[in-house]
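Two complexes follow with chain A in common, the first pairing it with chain B and the second with chain C.
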Partner chain A sequence: MAIESDVLVVGGGISGVTSAVAAARNGADVRLISHKKTTLRQASGLVDGLGYVPGRSQSTDREGSPSQKRRDFREFRDNRSEYWGPLITPFDGIDSLPDGHPYSVLGADALRSGLSLFDDLVGDSYLGGHTEKNALVPTFGGTVKPTARYPRAAAAGIASDNRSMLVAGFRSFTDFDARMVADNLEAAGVPFEVTGAEIAFADLFPADAEVTRFAKALDHDERIDGTPARQALADAVSPHVGDAERVGFPALLGDDNADEVRAELEERLGAAVFEIPTGPPSLPGLRLEDRLYAALDAEGVKYETGCPVVGYETAAGTPSRVETVLVDRSGQEIPYSASAFVLATGGFVGKGLDSDRDRVFEPVFDCHVPQPPDRYDWFVDDAFGDHPYARFGVNPDATMRPLDADGDPEFTNLYAAGSAVGGADVAREKSASGVSLATGAVAGRAAAAAIDDLNLELGTTEI
Partner chain B sequence: MTNETNENDDPTAQPRATDGGSAVEPVDDASAGENSEIVEVFPEGDLDLRAGADDCYKCTTCDISCPVAEVDEEFPGPKFQGPEQWRLKRKEDIDIGDSITSCSNCMRCDSACPSDVPLSQMHNEARGEYVDEQMSVLSREYIRNRILSNYRTSARFASKVPRFANFMMNFGPVRWVMEKTLGVTKEREFPEFAEQTFREWWHDRGGAQVQNADKRVAYFHGCYSNYNTPEVAKAMVRVFEYFDYEVLVPPQQCSGTPMFANGMLTDARRHAVTNVTELAATIDDGADIIASCTSCSLSLRQEYPELFDIDRIEDVAGNTFEALEYLRIHEDLEEALSDAELDGQSFAYHGPCHARNQGLHRQAVELFRDVDDVHVEDVGDSCSGISGTYGWKAEKYKTSMKIGEEMFDHLERAEGDTGMTECPTCAMQMEHGTGYEIRHPLQLIEDALLA
Partner chain C sequence: MPHSIVVIGGGATGTGTARDLAMRGFNVTLVERGNLTEGTTGRTHGHLHSGARYAVSDQESAVDCMQENRILRDIAGHCIEDTGGLFVQLEGDPDEYFEKKLEDCEECGIPTEVISGEEARRREPYLSANVERAIWVPDGAIDPFRLCVANAADAVDHGATVETHAEVVDVLVDDGSVTGVEIERHGPTYLGKGSEGDIETLQADYVVSATGAWAGQLAEMAGIELKMSISKGAMVVTNVRQLDTVINRCLPKGEGDTIIPHETTVLLGANDDPVDDPDNYPEEQREVDMMIDIAAEMVPVVADARMIRAYWGVRPLYDPDPRSTTDPGDVTRNYFILDHAERDSVEGFASVVGGKLTTYREMSESVADHVCEAFGVDATCRTHEKPLPGSTDPSALDDRMDEFDLRSPIARRSRQRLGDRAPEVLDIDGANPTICACEGVSRAEIQDAIGRVGANLNGVRLQTRASMGNCQGGFCTHRLGAELYLDHERGAARDEIDRLYQERWKGQRHTLWGEQLSQAMLNHMLHATTMNHDADPAVFDDEIDYGAYDSGVAAEGSHGD
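Now for the complex of A and B:
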């Protein structure tokens, strides 16, 4: 006997959670299956919509260029098809995206509805929903990233705010170089004074202590060398604060009690306190993952993590309908049946797409992934160039059903969402979360609607 | 390098306790030349973990999933214990670092890794090597760990005289001596031994009450539900008999979980031989294997085939299930429970790490979601911190409680003041930290179906 649900979502990242909730809110009994912890742990925890778009038509007027060097640079940049931005709002750029981009296929309203679903799921822990404009949030590389939503913990760091800023790094936390962050922000032309300082905090910790260790110590206000952690941190930063009205730290200021940690530091320092998202592994990503799974529970979605979906079966006589997916439980393939399925397994990093020397493929349903036949055409030589592989993924119709090579749906009841979907270069566009939210919202709704259609269909055939 | 080659060539070398499920041909084998793209750089023993080490792209996701690294800054984390240490050892004769003994074997790193690196397998290997080559068999730690990991042996004797054992094991002066001489913490209450073991009960009731050649399960009860909580084992039998299963109770020894966690791989292997032989025989009789302890099922399913090469071990691994998991696959449990009447109880459920690894930690919550008058609340993904024998060691007790602190807090915030979990040692820690009575989901199903 198969384990049954109306809609079964394969994959547990932002797109999986979004589609599961969208389907549940449309009346479906939903189950979500995720193999491993999500790639959110490797993401910044910022939720972007669209920050950059492929360059507009190339400038042909090169006569006025000041020097050969400048002309060479322009030529190089044009050939590399430089991206244009940061965009004032994500919606400004949708018209400039290529036809196969998920935003072009689904339209701006899909992104709006994905973002509003997100706002609902995370409550007041994320900000940015009050406006359609992108926020500019400092990163640990000292760049500013255009993003649609950002954690409350990052709020006081917004780059369009002109309050003076101190960036504080710890000598014992080597992944974050505060002075480099400050220098780069300054070089980026931010409208405020910014300085960086390396401080001695938790020097007892070895240089490779985990970000979770710092967070735990602050969360529980553990004594470090006799002094409570929060006080010890404030004491170490205080001498550097000067006139700074806000102080940024690497994102490790607590976990369960993060709001409390920030509030105490603000009181002790007399300045606003914020976090700058770090590289992987990312605590803001981990916190977002926790929040999204709590939301799943609250929405009544069933979920299980730890076992992979390794294949599918169709019913005899209906090869175009997925009847069950097979979950590998330590070697046993257990069937899970549903009326509709959502493929939300992620891209290359999340292992929703895989490749060998001959082809790029989608491993669960083997959906068609458009690609050049010669693997040397999958990439370009410029490391930061326009890599075709960045846009690889399944090719959906307007209800997010993946299409086969002939342009017909692969299956009548399979929908796709997130990075498994092709057409977007999310790293260059700064659109990864937005694409997941938009495609997830549409795929989840369409999957729930498909159950009703199916019930009607079965109802008539039975009579 | 030289050292390794010598070791491999030495015909008198002792065979390693583990023999691996992923043996590859050695480099000088003629067949190696057939595949021109794979170059064997390092000569390996039977168990080649290189592919696993190569799969690690150092994202550090495992490290932020590690409950020990979260409270102990000196613990270098699963990425070091696994792929990094393995690579370090390739070229020079470097000892395994003693931080491997701080790994609690919760195996959370396995389910965190996006790249399928066999982290816990690497940790088990490293721990085994550490114990074999760097730990003196006369050291207090070795003796203590040997006693703790062979809990079955002590429990067997204790359960002959349960009342005396219960008195002695919680008698202050005895525990003081145990801590001083053996390093077993005196902070914990020793679990009570049942006056009648599960196997004695099984024998007294005349074995299986249902005969059914079509629906047959072999019960791997493990040590704890035999000696300490036979009520869980009895619930398992009664619930399966309710669904018309014939239950077999084959002879069995320890699943090996505490032995893996203490690097006592030779002991674990000896027990595994008995278990695999006995369980494989039940498969031949048409049975699937069921465990009620999630660490036992994890061991049979995952650690056995990863660490040992015993005839039919894959067969046993592939036919083992956790009890509730099995019923959900084969029976309409929801339907069976739909008329159940329970008296408005609320439970604070803690998902054991080893249940998470098998994808099982949400099943109890979801199963009871639609049952009237019962509320099972998932208290979140905190680790209990006891990890079997780990929290019983005097020098690890504090770490164990520091990890558990968050779970205690979450349990107390939950509505119910009875705890629920599948894992016997998590139950011990939950009780120790909150004073709650702890039940197994099978006991609640028993109440619902058979009361």
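Now for the complex of A and C:
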């Protein structure tokens, strides 16, 4: 006997959670299953809407095979297509996006509704919803980037704030050198004084300790050489604070008790404290994951993680309708049935897209993924160029149903959301979370609406 | 006053020649247009040949290879991994050729052992069930980067000067004699000397062109016509080491049928296709596919293995009689010293062409002999008996590694890379965290490499293997940049991050499917989304009006009450 629900969401990232909540709020009984929870461990925890409209090249920037000929990185920089941005608001750029972009398909209101759903789910742990403007926040690469929503922990770092800044780094934490970050921020023309200092605090931990280890020590205020961790950190930083009114750290200031850690540091340092998101494992990403799963509970969505979907079945006689998906639970294939399904399995990083030497494919439903037939046309020669591969994904209609090669829906009751959807170069656009939220909100609503249609249909048939 | 010699080319032959001439008392300057190893040497298969590969078709090369193989094991043990090699006969491969290979190996003095298919699979479990029998030969893997650096370092220790990032733009000829070269600097040398755009003249009593595939271009600067028969070969790199033995197919006319374990990876290669310009030739999908397909016949798991990148090199082949061959596979692997006085009536100039990485030392010896002869200098070669720096007894270091706060696999790899320089390199103040997790490279090694090559992350990579693993620099390029930030001018770190990231992309793009495509996307997200490296406002000119964006003030206010 299959496990039943109205809407079954496959995938547990931002888009999966968003579509599950959107469907639930539209009256559906929703279940979410995912292989891994999210790829947020690898994400910054910033929620981008649209930061740039990067120019598109018409095709790969070469004829035939790539060449051995060496090209200097400056040549790539000089020839990189124009970027429009950083955009003052995400909505400024939507009309300039190409036709196949999810924002073009869904319209600006989809992004608005996705962001507002997000604001509702995460409560006051995120800021930025008071304005449509993007915020420019410092990155651990020493640049600033436009984002739509930012964790409270990152708020004091905003670059449009004139307060003087100290960036603190730890010598044994290798992701950045704080002096280099400060120097690069200055080169980016930020409107405040900024200095960097590398401190020895983290040397008290074993070499190669992960950020989660530091976070735990601060969470529990563990004693380090006899001194509580938060005090030890403040003591190490304070000689460098000088006139700085705010102090930025790599994002490792606590996990469960992050607000408390930050508050104590602010008090001890006499300056505002903020985090700069870093690479994996990303604590702001993991904290967001916790928030989202708490929201699922609150919305009454049932979820199971750790179980990959390995196949699907259609009803006898209606090959255009997904009836069940098969879920691998400890080696057993369990059927889950639903009236509508949402494909939110992610892109290449989340394994919602896979590939071999011959083709790129969507492994669960084998939905059509538009792509050039030749593998060497999947990329361009500039590492930061307009890579077709970065835009691969299923091609949706306005209700987020993936379309086949002929432009017809693959299935009548399958919707797609998030990075499994193609058309956006989310990395260069700084639009990843926004695309997930917008497509998730639409796909969830559409899936719930389909239930109503179906019930109506079935009702009619029964009479 | 000793005679002054300019050696052009910072590959194995050039550095080996510089070492040999410096040991014989000449005043040597080595010039290289990029970094050491940047030409063919850094793009070889790293195959320490026993000569078995050439035993049937090219016995002169085979004999040379075996002789040099023995010498290199003595003088450069720390650059060699003694993997042994197998020539495998698959079902249907001709018996006659197998027997001929055995006979000819014996004739060339190459030790062999015939083993059964079962025994071959016992030694290398991933070998195909179709392997019927195999010939064991003393092939090995050789690290061309360490080999080259060791030769250059020893040349410097014997008084030579090494000018990197110095391209020869003219060979100066006066009245039928070469008098020196004109160089243009592409940047400071590894010692920080000079700057980009500088043009300088280096006077010399004799010039040796050890430029391999580029020898034709160099000769042309002296008005000499020299036609090389260069060919390209692709090599594809797997992410794990499925094999510990060099595997060759026992077939005549082998192309793309050698599999070589190197450090943490295995290299598949290489095809043999003629090209015209060593700096500009196509890198083709069919070549990558061909390497995988051919290797998979011998070792089926490679068909599904994760490939992390592909790279191409050009063979410096020279055909003394071009009319006799049409296929580059038939061009001899032998080497030639072309005396341009004899050949072209230009005095004081010789080119050394052809040959293999395995025979680089003998080539160097021959050209050094030739220079001695030209000046009537009586000095004998000692490069075959004097070990290269770093090669003496690395095992003595085992118990010292803990002192340097290195976890064991990292310690082991550091020691292998550093040889007897390990204690000196690893002794730094403060923490010694891992910078490149894929290849296990710690801060101390990175700092040491930066000290040796300057603000040049690609050079750091070649010395340490940092950024050469699964993630192809996605997770460490920025870390490497942060390591060099402090002691270099503003912007240098940022530029080097971009340069290395682009360099890593160049090889990675050839293996963009499966897990490596996922990795590429993850790297793209980390660098473009999280760091905004693609649109860094510090790099691009447009000024940002910071006041136009969310200033956060309203946010603070609205949540305060």
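Descriptive notes on the structure:
Note that the second predicted complex is superposed on the first by the 435 of 463 C-alpha atoms of A that agree within 3 Å, B and C clash if a C-alpha of one lies under 4 Å from a C-alpha of the other, contacts with A are read in each partner's own complex, and residues count from 1 in each chain.
Convention: a residue touches a chain if its C-beta (ideal position, glycine included) is under 8 Å from a C-beta of that chain, and two chains touch if they have at least 3 such contacts.
What you are looking at is a predicted structure, and each value in this text was computed from that prediction instead of being measured.
In the superposition on chain A, A:K145 makes contact with chain C only, while chain B stays out of contact range.
Applying the stated contact rule after C-alpha superposition, one finds that A:G306 touches chain B and leaves chain C untouched.
In the superposition on chain A, A:M400 contacts neither chain B nor chain C.
Of the two partner chains placed by superposition, only chain B is touched by A:I334; chain C is not. When the shared chain is aligned, no partner comes close enough to touch A:A417: not chain B, not chain C. Looking at the shared chain after the overlay, A:R41 reaches chain B, while chain C stays out of its contact range. When both complexes are overlaid on chain A, the residue A:I3 reaches chain B alone and has no touch with chain C.
Shared-chain residue A:V349: touches chain B and chain C both.
One of chain B and chain C touches more residues of chain A, and that partner is C. Contacts of chain A with chain B, set against its contacts with chain C after fitting on chain A, overlap at residues 42, 202, 208, 280, 349, 351.
The touching residues of chain A, when paired with chain B in their complex, are 1, 3, 36-37, 39, 41-42, 202, 204-206, 208-213, 215-216, 220, 256, 280-281, 283, 286, 290, 297, 300, 302-307, 327, 329-332, 334, 349-351.
Every residue of chain A that touches chain C in the complex is listed here, in rising order: 42-44, 48, 52, 54, 64-74, 76-77, 80, 83, 85-86, 88, 124, 127-128, 130-131, 133-136, 139-146, 155-156, 158-161, 171-177, 179-180, 183-185, 187-191, 200, 202-203, 207-208, 277-280, 347-349, 351, 354-357, 360, 374-376, 378-379, 381-384, 387, 389-390, 426-428, 430, 432. Across the complex, chain A is touched by residues 232, 279-285, 289, 292, 312, 405, 407, 430-435, 443, 475, 478-479, 481-483, 485-486, 490-491, 493-495, 498-499, 501-502, 504-506, 509-510, 512-514, 517-518, 520-522, 524-540, 543-544, 546-556, 558-559 of chain C. Chain contact summary for the complex, chain B toward chain A: residues 59-61, 63-66, 69-74, 76-77, 111-114, 301-302, 314, 317-321, 325, 328-332, 356-363, 366, 369, 378, 380-381, 405-406.
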